[in-house]
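My structure is below; once you've seen it, I'll send some questions.
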Amino acid sequence: MPSSTKKTRVAIIGATGYTALELIRILLRHPHVEITVATTRQEDAPQLSEIHPSLRNRIDLACTLLNPQEIAQAADVAFTCLPHTASMEAIPKLLAENVKVIDLSADYRLVDPEVYEQWYGHVHTDPTRLGTIVYGLPELYADQIPGQDLVANPGCYTSTSILGLAPLLCGGHIDPVGICIDGKSGVSGAGRSPKMITLFPECNESVMAYSVGNHRHTPEIDQVLSDVSGKEVEVVFTPHLIPMDRGLQCSMYARASSDASEKEMLEVMRKFYENKPFIRVIEALPRTKDVAHTNFCDMTVRVSRGTVQVFSVLDNLIKGASGVAVQNFNLMCGYDETTGLLP
Amino acid sequence: MPSSTKKTRVAIIGATGYTALELIRILLRHPHVEITVATTRQEDAPQLSEIHPSLRNRIDLACTLLNPQEIAQAADVAFTCLPHTASMEAIPKLLAENVKVIDLSADYRLVDPEVYEQWYGHVHTDPTRLGTIVYGLPELYADQIPGQDLVANPGCYTSTSILGLAPLLCGGHIDPVGICIDGKSGVSGAGRSPKMITLFPECNESVMAYSVGNHRHTPEIDQVLSDVSGKEVEVVFTPHLIPMDRGLQCSMYARASSDASEKEMLEVMRKFYENKPFIRVIEALPRTKDVAHTNFCDMTVRVSRGTVQVFSVLDNLIKGASGVAVQNFNLMCGYDETTGLLP
Amino acid sequence: MPSSTKKTRVAIIGATGYTALELIRILLRHPHVEITVATTRQEDAPQLSEIHPSLRNRIDLACTLLNPQEIAQAADVAFTCLPHTASMEAIPKLLAENVKVIDLSADYRLVDPEVYEQWYGHVHTDPTRLGTIVYGLPELYADQIPGQDLVANPGCYTSTSILGLAPLLCGGHIDPVGICIDGKSGVSGAGRSPKMITLFPECNESVMAYSVGNHRHTPEIDQVLSDVSGKEVEVVFTPHLIPMDRGLQCSMYARASSDASEKEMLEVMRKFYENKPFIRVIEALPRTKDVAHTNFCDMTVRVSRGTVQVFSVLDNLIKGASGVAVQNFNLMCGYDETTGLLP
Amino acid sequence: MPSSTKKTRVAIIGATGYTALELIRILLRHPHVEITVATTRQEDAPQLSEIHPSLRNRIDLACTLLNPQEIAQAADVAFTCLPHTASMEAIPKLLAENVKVIDLSADYRLVDPEVYEQWYGHVHTDPTRLGTIVYGLPELYADQIPGQDLVANPGCYTSTSILGLAPLLCGGHIDPVGICIDGKSGVSGAGRSPKMITLFPECNESVMAYSVGNHRHTPEIDQVLSDVSGKEVEVVFTPHLIPMDRGLQCSMYARASSDASEKEMLEVMRKFYENKPFIRVIEALPRTKDVAHTNFCDMTVRVSRGTVQVFSVLDNLIKGASGVAVQNFNLMCGYDETTGLLP
């Protein structure tokens, strides 16, 4: 572990959104971190607390424009909270300047540039690096993350789904074909840019499915579940927008492929996540409220009429984005995985 | 059609809850109805507007205790908004007094008294009548409802699911086995009795599945879908509580059993509901907001990776309870099906 | 009253927002109205149901661009739901074509063009007409509305405040100086244009005051209260945004200027609104839920430590905008004031 | 400061409610605290994580019944989260056993037993101690808190009001007579016991004033503001329930009693709270969202038409209850005031 006296200097690239705010809040609690850079596209160098009023008196830092050289001088590690395509433009430059990167965008999550192009509608501009990048889901890839220069932080629906399904899929208890994932997310997952669909009077008192059949987390779920289970997995993923700020719940439906009882399946899940500090395998049906503002992912399993149902919940901004990013940061930098995240 | 000058006198049996309130609101708009009786278990004869302040200046009626003879003198038709078991105690007495009944409880929905006992934990006390009662889903059983003395009004999740699945199931486009129904309901569906689980700070900013594997709407869905399709249907039904007052959405997952395209399946749905005034088969993904405070059920279909997904929404208090009750009332009494419900 | 066989043809000018949607919903219930025109700035002539999906199957009407001559051929009366300044540009042309107008903007509410300029930052372009226009608060000006060609529909906070304060002010029971109005509004009052401040994750789980000291409803409240009471009234009006779709509540604080008891003041309010079908003076503290989706305004009074507190609530989209607009329409056209609005 | 190696052992008396949960969350972060006791009235010794599922894996502690001797053996300090009257029964016993107490109930806040009886409807059973107890609002009484055995933790509305008004009242800039306080609170402030009024479908999409003229925080505000200002203060306090989990906002209206400008008044507030780590005097209008889940109280001032308006916000469960309790604990025990509360 690095000396505790010298702090790691951290840059927040793209500091305007909800994910960045949550990241800053966590890092302010992290004993080994100093936030030295925050960037926006706003030219007038706003204070972080002007963009995020909740940070008043908490941090005194003026935002700058994204300049890789300047970032490299001021920071050791960068968290990139940029939209896709903007990330793959900035990251190679940051890496060239020896800045380590945790990328919260989707740009380095998929291994196949063609799959990227198909789902994102853009040619990947850094295809050779793609596929060499560790997928930053520490519960599955913790041993590969230490020492990396770049980690691809997973999507929020992705983490919720994969964490819930991996144990039973790897254990051979569910059929890899025809898994249906019904995801429900709070509105903060849709970002902070004004859009009619996320106006309060549009999404309050309402629920709807969206992006059915074409949500970009689909290939990510397929890829990682196939990788960890060694089976060809193709999920049907269906997200829903529900009227709450934060929280993400997945109810997942799969055909049973073993005779294991519900109790045995629960035990499989418990064993799979033994010693994983942020996974809580429980008997009760999990609710998002109990993981809100934490880095926990709660989950359970039910078997009913030949169908295995896995239920998992997390806070989309923390375990679904910024919390897991700090978990990755800790592993990359040699800190204890839970630093800044517990209690 | 009955003479428009003489109004049908209506009793609301169990007037305290959200369903009763919504029913009264609709009936106040109904040109052929006069509400003459409202009952509660409160002994002090409260005015309806004391129980439901929104009814102030709208109706001047003091509640009475449930007395079948008195009800028969004052009313032609009764809507029973009682808990299960209370309904099957009261209804035989009302029928004996020649009062027609629309029952909003679950007591007369299932045809088999053993299934009732298994799911509700009570011996059915009126088993011979059970199984002779028409299931009050007018889109499926409209021709059987006129002239009935008792109609069993369907459950809210039940209507949403059945209406969405019936066309494709009857048309042979989806496999009757392994259908998964992921339902999301607003909190008014849980009733007006104080419980910790429905306190605002418990269910706001949260989502959770509940009653997994044992929700009582399950056998009702099985029974009706089997009846209309002629196939043995056994669904996996999973309800969720989400932080909104009203609205109910079902995302339903079934294996395709035909080669029909998404467009063709949509056409099957459209044809199935041709001339049904309260069903809107649409191309867009439906949201509960667009049916709130109406008797509409909106639905659509998607096909993705061999899975057929049907999405349907309705207002749980109206099309899911009191609106369809008035539809049934209209059909029983010979009024136009839409009276009081449109626009 | 006009012949009930011939319907009044109505145009909705500016049909995109929440107010227009609510107006259309009410007018669809109005037995003497046919909606023949709806305008937007969108050039592709969208169907009303594309803009407002809840209107599917309810109305078959393609939107047009605003053209006064064409509107005059197709409609007898226009409801203008335009932003301020756009209204005062369109309305003189509509009036010149003999189209009657109910204006839901602020352009014709103030009598003094200089006050308009001061609060709205624009020179009024129709100053001679200003000041001749009846203020469309039927509870105060009902006798002046019949026969008018143009009525200025009041603001939502304005109606709530004025209706609550007028009885006691006119009766001499409260001091006209130093009245503080603390208003709380649901987010639909802020309109349907995407803005960061009205995004769900910004205003959910939050409350804040806004526009303190400069909200444009202030001079409107001053003007009308001064007019009806004959006293110089200058209020301190402070609006708040709270996390709900619809509903508006005002708590108003004034110094008592008479010895009247709370009970006597309540009686003053009751008498003032005798025979007013949409005002409910009650003993309990009113809540917005009980007036939601209705044209009612509920109110009560409390006296505490020398301060008179008036509490009033209404639905900002109905009694605060579109419902009162239809009340005005009814009075202008000679229909019963409550047509389409009750029950 | 006490040795950092030996932790202070803490008891949570009455661990079932929202306040206790929040307190436990904060104390789990406190480096010098070990929670050794939690009590409930449930006889079956439930684990804390059964009562509060969010605490799973966070704390392993079975609840016990309240037994002062046993508590004294296991704990140095007790936080009493009991209802009023239960607190004044338990606290003398705890003090007799040399357990220090921070009382989150109202039982020791008022100095005059007659005022207590008048507002709470109970004779105070520990009247001699009453009046010797420090009021635990550290921003005003920090120098009196160290070394105390019992501190009376303030009410949530009380803190919000007093913190906002104290600077201008003490500075002579507002009239002590006729101050109106319009408070808005999230529903968690109403507690976790099931009541119809706090059911989700009752308070969602609604706002209402409650307890007008008789809310029990009124005499507390009067007493403390009179004490700190040396003037006879009698406020008109009006609370409102709004549909959110947590957050409390007060808009306060007072007559100006000096010629100070808005800017000067802001400066008075800034100076008054110089070096107070949890008060943020700002220029913008504060919103509860920006203090949610923190121990901050944000405030500002506006002057309009001779009326001074002070706006203050805090999180009712933290700065309004459990956060300030930990502030008091820190001061009583000699820890830094911010320990466990920042960042």
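By written order: A, B, C and D. Residues from 1 in each chain.
Everything that follows uses one rule, which is that a residue touches a chain if its C-beta (ideal position, glycine included) is under 8 Å from a C-beta of that chain, and two chains touch if they have at least 3 such contacts.
Predicted model, so just to flag it, every value in this text is computed and none were measured.
> Repeat of A-B among B-D, C-D or A-C, where over half of the residue-numbered contact pairs coincide, is which pair?
C-D
> Greatest Cα-centroid separation from chain D: which chain?
Centre of mass proxy via C-alpha means gives B as farthest from chain D.
> Could you let me know which interface, C-D or A-D, is made of more C-beta pairs in contact?
Here the pair linked by more C-beta pairs in contact is C-D.
> Cα centroid separation between chain B and chain D, in whole Å?
So the centre of chain B lies 46 Å away from the centre of chain D.
> With chain centres taken as the means of their Cα atoms, state the distance from chain A to chain D in Å.
That gives a centre separation of 36 Å.
> So the centre of each chain is just the mean of its C-alpha atoms; given that, what is the distance between chain C and chain D in Å?
Each chain reduced to its C-alpha mean, chain C and chain D end up 40 Å apart.
> Check each residue of chain C and list the ones that touch at least two other chains.
Correct list: 186, 202, 204-205, 243-246, 287, 289, 292.
> Would you mind writing out the residues of chain C in touch with chain D in their complex?
Of all residues in chain C, those touching chain D are 178, 180, 182, 184, 186, 202, 204-210, 212-213, 234-236, 238, 240, 242-247, 249, 251, 253, 255, 285-289, 292, 302, 304-307, 309, 311, 313.
> Note which residues of chain A are touching chain C in the complex, please.
Listed in rising order, the residues are 18, 186-188, 192, 194-196, 198-205, 243-246.
> Quick check: in the complex, which residue numbers of chain C touch chain B?
Interface residues on the chain C side: 25, 28-29, 53-54, 56-58, 205, 280, 282, 284, 287, 289-294, 296, 298, 343.
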